[in-house]
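Both complexes shown next keep chain A, but they swap its partner, so chain B is in the first and chain C is in the second.
Here is the complex of A and B:
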C-alpha cells in the first residue's frame, strides 16, 4: 500500500466509523470492496484471488459455526449483501473496464458455474444439523496446501500457469504469478477458528461478524492477527469515539507513515542485499548494513501496524499491538515476546504449546531436549512462513538455538546469581549488555533473511570477522 | 480445595519447580507471564501441573497473559472450572 491508498482508507474509515445502523454489514461490504481494490491489477488474478479469499472465509464460517447460529435469518441477508457486492464489482468491470478500481473484466461463462457450485457446497454444509467431522481438518489441510504452494516460487509458478490457462479465454497468454494479497494473514485467522472449533473453544458468531473478522480491511494485508472472540466483542460494542481521540489517531497514523515511508525507506538505502556481498565492503560497513536491515524491518513493519491500529480505532475497534519496543529488550526471549507479537502468540498457541505438551506427556525425553525441539521447530516454521528456502530455515534454526541457549543461561544464572546480591550498577550494566547482544544477534540473522543463498550469508559472516 | 490453599500449592510449584528458588514467595497479584517470570516452556509445565493436581484443563490457546497473569486469576480460573 502506498501513501495515497492509506489516505483514501483513512477517509473511508473516518466516515464508516460514524455509521451506527447496519454497521457490521456496511463494514463487511467495504472490506470486501477494499480487498479487490488492493489486489495488484493483473487479469485474471485480480478477480480470482480476492474471490477465493471470500470463498475460503465463507467455508470457514460454515464449518466452525453451530447449526442454530448458522440458521439465523440475518446470515442470509449478509450472504446476499456479499453476493450483491460481488455482482457490483463484476458489473463495474463489464461496463467501466477502464475506470473501475476493483478488477479486470471477468469471463462470466467460467465464473458463474464456479459460483453456483460453491454456493451449493456452502448451503450443503450449512443446512444439515450435524456437520461431518472431517470438514475442519479438510479445510485446515487445504489452507496448509495453499500455503505450501504460495511459499515455494516454483510451485506457485507452475500451479498459477495451470489454473490461469483454465480461467482465461486466451490459452496462449499465461499470466505471470502474483502475490495473493493478504492470504497468509487470512489463513492464520481461519486456522485459529478451525483449531479452536475442534477444541470446543470458539464462540458462535454470525456470518457478517466472521467475515469482518477475517477480512477487516485495516489488518487484511499484514495483520495484526487478532483472535475471533476479542475482535467480535469490539465489533458488537464499538469503542465510543470522542473529539479528543482524533489527536491520538492522527498521531498514530502520522507516526506509522513517518516510520514506514521516511525512516524505513531511508534505511533501505544502506540495508544489506546480495550486491553488498560482491562489493568489497569493509567489515564495518557490513555490520552497519546488517543493523540497518534489522532496523528497517522494524520501522517498516511497526509503521504499518501503527497505520492498521489507527484505522481500526477510527472504526471503533482496538486491534492488538504487534510490537513492544523489541530492540530495548535485554534477552532474546523477551525480544520474541515483543516482536510481531500476534504472530508469535499464534505459533505459541498452535505449534509450540501442543508440541511441548505432547512431548511432555510421553515423559520419554529430558526437559532440555523437549525445549530445544520445541524452540527450533517453532522458529523454523516461522522462518519457512516467509518462504520455503534454506535461508529462512537457517534463520529459524539460528533463532531457535538462540532462544534455547538464552533460556539455559537464564536458568543457570537465576539459581547461581540471585539478584539481591548484585549491585544495582552491575545489574544495569548487564541489562545494557544483554540488550546490545540481543540486537547484534538479531542483526546477524539478517544475513540469512536478506540474502538469497546460505553461501552468501556465510561469506558475510567470514567478512564480518575480517576472514574473507 | 479452598482458594487460599490452591494459591499456596501453585506458589510452591512455581517457586520450587519453575523458578528453582524454593525460598521465594509469590504474591497473589505478582505478574507471572507479562513480566517474563514464567517463560512459554514453563507455562506448559504449569498447565500440566494444574491438570494433574486439580483436574482442570487449560487449553494451549489459553496459555497467555490475557487468560491469567497472576496467582489470583489462575486460582479463580481453576475454581470456576471445577464448579462448572
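Here is the complex of A and C:
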C-alpha cells in the first residue's frame, strides 16, 4: 500500500465509521472491494486470488458455524451482497476494462462453472444438521498446503503456471506468478477459527461478521491478527467515537506514515544486502547495516500496524497492538512478547502450548528439553512462515536457541544473583546491558533474514569478527 | 476551559500551517542542495551522484540529482575546501564514458590522469576532477562548466561525441530544471538555443518553489545524503562497475544505415546543420583564462560483420565520418585546441559496444592523453593528431 491508497482508505473509513444501519454489511462490501483493489494488477491473478480469499473465507464460516446460526436469514442476505459485489466487479471489468480499479477482464466461461461448483459445495456443507468432523482438519490441511506452495518460490512458480494455464487461454504462455496479497494473515485468522471450533471455544457468528473478521480491510495486508470473539464484540457494539478521538487517530496515522514512508524507507537505503557483504570496507559498516535492517523492519512493520490501528479506530474497532517498544526490552523473551505480538501469541496458542503439553504428557523428557524443543520448533515455524528456505529455518533456530539460553540464564541468575542488596545503579546497568545485548542478538539474526544464502550469512559473521 | 478538539478546526489549522510553511519555503527559496554532509561527515564523491534508472539506486547506492547543480557539486570532492595552492586543477566534462559508466569511481579517466603523477612547470601537482555526467549533452556540459568555474580550474578537458553535439539528443532531464540558468548563459554568450522546451521556460513560479512541488527533488537530495553513508562504507557508486557487468562485446554490427531519425547518407547536410558546434565556442569563452581542450572521445569500433556500414551500435560510418570532418574543420577554423581520439583505443579496451571503457581502457586513454596534458599544463600550444592510431592501422 502506498500513501495514496492509505489516504483513500482513511477517507473511506472516516465515512464508513459513521454508518449505523447495516454496518456489518457495508463494511463487508467495502472490505471485499478493497481486497480486489489492492491486489497487484496482473491478469488473471488480480481476480482469482482475491476471489479465492473470499471462497476460503466462506468455507471457513460454513465449517466453523453451528447449523442453527448458519440458517439465520441474514446470512442469505450477506451471501447475496457478496455475490452481488463479485458480479459488480466482473461487470466493471467487462464494460470498463481500462477504468476499473478492481480487476482485469475475466473469462466467464471459466469462472461461472467454478462459482457454481463452489456454491454447491458451500450449500452441501451448510445444509446438514451436523457438520462432518473431517471438514475442519480438511480446510486446515488445504490452508497449510497453500502456505507451503506460496512460501516456496519454485513451488509457487510451478503451481501458478499450471493453474494460470487452466484459467486463461493466453497464446503467449502462462502468466507470471504473483504474490497473493494478504493470504498469510487470512490463513492465520481462518486457522484460529478452525482450531477454536475443534476445541469448542468459538462463538457462533453470522456470515457478515465472519467475513469482516477475515478480510477487515485495515488489517488485511499486514495484520494485526485479532481474535474472532474480541473483533466481533466491537463490530456489534462499535466503540463510541468522540471528537477528541480524531486527534489520537490522526496521530496514529501520521506516526504510521512517517515510520513507514520516511524512517523505514530511508533505513532501507543503508540496510544490508548480498553485495554489501563483500563491498563493506570495514566490519563496523556491517554491524551498522545489520542494525539498520533490524530498525527498518521494525519501523516498516510497526508503521503499517499504526495505520491499521488508526483505520480500525475510525471504524469503531480497536485492533490489538502488535509492537510494544521491543528494542527497549532487556531480554529476548520480553523482546518476543513485544515484537509482532499477535503473531507470537498465535504461535504460542496453536504451536508452542499444544506441542509442549503433548511432550509433557509423555513424561519421558526433562522440562528443559521440552522447553528447548518447543521454543526451537515454534521459532523455526515462524521463520519458515517468511519463506521455505534454509536461511529462515536458521533464523528460527537462532531465536529458538536464544530464547532457551536466555530462559536458562534467567533461572540461574534468579537463584544465584538475585539479592535485594544490589544497588539500583547496578540493576539499571544490567538492564541497559541486557537491552543492548538483545538488540545486537536480534540484529545479528538479520544476516539470515536479509541475505539470500546461509553461506553469505556465515560470511557476514566472519567479517563482523574481522576473520574474512 | 474546554479541552475538547473539534476535528474540522484541527483539519483547518493543519491545512493553514501546511500552506503557510510551503509559502514560506517558496518565498525564502533556500539553496537547499548546498546543505551537505559530504566533505563534512562523508568523504566527497569522486564523481557526481548518478543512478542509471529509478530502480537501480539501491544497486548503485546513488541517485541522479539532475535537478540540482548545488546538490551535485556539494556532494563532490571538489567542494572539500579551497583550492590548494600547490594544485594544478584539471576538470573533466563529458558523458557517461567520461563519468565512467563501467568502472569504479577510483578507476575513471580523471582518477587515472591524477595517477599519472604529472606536475606543472611551476611545480604544482596535477589533480583531475571528474565533472562528467551520464548522457551526452554539450548544453548540459556548459551548465556544469559555468558552475565549476567557481572552483578555479586551470585546464578543462572536454570529451565530446556526435550524440552530445546533436541538438535532438539533449539531456532534457538536466536541462529542463536548469532552463533559466541555461537561458542566462545563452543570452550572455549569444548562443542560439535549439527550439526545445528548455529554451522558452520561465523561471520557477511560486508554486514550483514550494516543497510540495519540489518533493521529488527534495527526496533525491535527502537520499543522496543518506547514500553518503554507503559511499563512505564501500566507495562504491556504480552498480555496473564489476567485471561481470561488462558485456562480451560482439564484433558484429547491424547493417542498418540510420543514425537517430536520419535514414541514410542523403541526410548528411541536415545532420551537420543539427550539430551544436557553437556551444563549444561558448565553453571556450566561459572558461577563460583556463584553456579548454576538446577531445573527440574514443568509440568502440566493431571489427566483424557489417563493419563497413557501422562503427558500432550508435554510429553508422557515414554519419560519424561527417561529424568528425565537420568538427575538425570547425575547430581548426576557430583555432581551438582539439584532438580527435575517436579510434585511439582497441575494441578490447571497451566494456560494451558503445563508448564505455573498462579499467584497462581508462588507463590506456590516460596514457595517450599524457603528452597532450603535459603540453597544455605548461601552457604550450600543441595541435595535431596522436602519433599512434589504432584504427588507422586496422582500416588499411
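The working rule: the second predicted complex is superposed on the first by the 464 of 468 C-alpha atoms of A that agree within 3 Å, B and C clash if a C-alpha of one lies under 4 Å from a C-alpha of the other, contacts with A are read in each partner's own complex, and residues count from 1 in each chain.
One rule holds in what follows: contacts are C-beta pairs under 8 Å (C-beta built on N, C-alpha and C of every residue); 3 or more make two chains touch, one makes a residue touch a chain.
Just so it is clear, the structure is predicted and the values come from calculations on it, not from any experiment.
In the superposition on chain A, A:374 makes contact with chain B only, not with chain C. Applying the stated contact rule after C-alpha superposition, one finds that A:159 touches neither chain B nor chain C. By the touch criterion defined above, A:255 reaches neither chain B nor chain C.
In the overlay built on the shared chain, the residue A:453 is in contact with neither chain B nor chain C. In the superposed pair of complexes, A:104 makes contact with neither chain B nor chain C.
Counting the residues of chain A touched by each of chain B and chain C gives the higher count for B.
Contact with chain B, but none with chain C, is seen for A:353 once the two complexes are overlaid on the shared chain.
In the overlay built on the shared chain, the residue A:275 is in contact with chain C alone; chain B does not reach it.
When the two complexes are superposed on chain A, none of the residues of chain A touches both chain B and chain C. Those residues of chain A that touch chain C in the shared complex are 242-244, 246-247, 250, 266, 268-270, 273, 275-276, 279-282, 285, 288-289.
Against chain A, in their complex, chain C makes its touches with residues 4-7, 10, 57-59, 61, 222-223, 226-227, 229-230, 233-236.
On chain B, the positions that touch chain A within their shared complex are 19-21, 36, 39-41, 43-45, 47-48, 59-64, 66.
Interface residues of chain A facing chain B in the complex, by the touch rule stated above, are 192, 195-196, 199, 201, 230, 333-334, 337, 345, 348-350, 352-354, 356-357, 360-361, 370-371, 374-375, 407, 411, 414-415, 418.
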